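What follows is a single structure, written as structure tokens, with notes after it.
Going in written order, the chains are labelled A, B, C and D, and every chain counts its residues from 1.
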């Protein structure tokens, strides 16, 4: 099981703050998981488009596309940060 | 007439905080005035030696050796500053 | 090392006194306060709401401070970041760094702010006369963080 | 632009609030506090006395602030420097710079400190167990000021 979190504009666009997801077959990385979520269509496809510069964290560390994702991980997706 | 001020270690070494001095003949610059004061001998020669890295200000602006000195000026001599 | 995420405002004097407390070897204290402006990207800002990622925020800022301590001679560092709804003139973030000498204090303080701007999971939503909008990340912030070189 | 030379201590929060007052376009406040250390150049410091050149001090710091305002986008700057006798842990100097953005605030604040260190007529005399001594100027302070390039 994966815990997936969405923040800020991404949370609003997908209408989802968090979800639990069985690690989909063939998904081993952040990029793979993103592709899986995009394939849901509609708001998901649009909100997670490459042009949106979606950022990710795995287990609360900033992650890249190739960062591994495995069962039990907490994965978060969000726009570029704007604090400070 | 010149007003001459001495600060910090230079004030202590010369025993003088300030003095009024008729602009000596032939003195037209900070370096000329320094040479004149050094020629007093004793503590003056020692305190104003080139090795002491004496700094100067003319009319309250940082000055160099070639900065002009004229009648009515306020000239100050002091060690490198150490505030802040 | 102190990291606090809070709704409440902070008092700079009190925070600096606490960070300096009991260390007479500190000669330099550099600090930075980020403040809500009433105008951003051409629109009037009435209020701003700060969202964050609890847990990751503290962890990310801890990492930034540890990195700064590895690069410069620093005694201690403090980061306070507010969340919730803020208005123009409100303080948003405080970074304080103590050091023996000013060069280290300035560099570490600016480094922490630059990295916080690109690495700490906060997002700002502004209320403007044209409605609410999420603040866009600035390319200049990426550049500011990049000029410190690679993190490793 | 505010420059104050005083015996009294200062409160950073209060000074920052006064400098920011009424300007909701300020987004960044960088500040620096210099503090008396109990150990300097290998000797224990009991107290330190600060001498200055009244009149020139204010003029020199004014010039430094004007120079900083010419180089960076700065709303306002404040310098407070204490004189008289101070003890370890006492605050010596405060520099605060307000700006729309942090890069300008940090640069101007550090520039003002670096120039103050070489251009403002203050001298420190330390009381140590071996007697009183005038603090020697540091080559590193000349270097710090020089790296900003020529003043013109």
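The rule is simple: a contact is a pair of C-beta atoms (placed from the backbone, for glycine too) under 8 Å apart; a residue touches a chain by one contact, two chains touch by 3 or more.
Here the structure is a predicted model, which means the values were calculated and not measured.
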Chains touching both chain B and chain C: D
Gap in Å, rounded to a whole number, between the CA centres of chain B and chain A: 71
Averaged-CA centre spacing for the pair chain D and chain B, given as whole angstrom: 26
Chain centre separation (chain A, chain D; CA means) in Å: 48
Touching two or more other chains - residue numbers and ranges from chain C: 34, 113
Contacts with two or more other chains, residues of chain B listed in rising order: none
Each pair of chains that touches, named by its two labels: A-C, B-D, C-D
Residue numbers on chain C that touch chain A, as the complex places them: 34, 50-53, 55-56, 59-60, 81, 92-93, 113, 116-125, 134-137
Touching residues (chain side chain C, partner chain D) in the complex: 11-14, 16, 20, 24-39, 88-89, 100, 102-103, 105-106, 109-110, 113, 140, 144
Interfacial residue positions of chain B with respect to chain D in the complex: 5, 7-9, 53, 57, 60-62, 76, 78-84
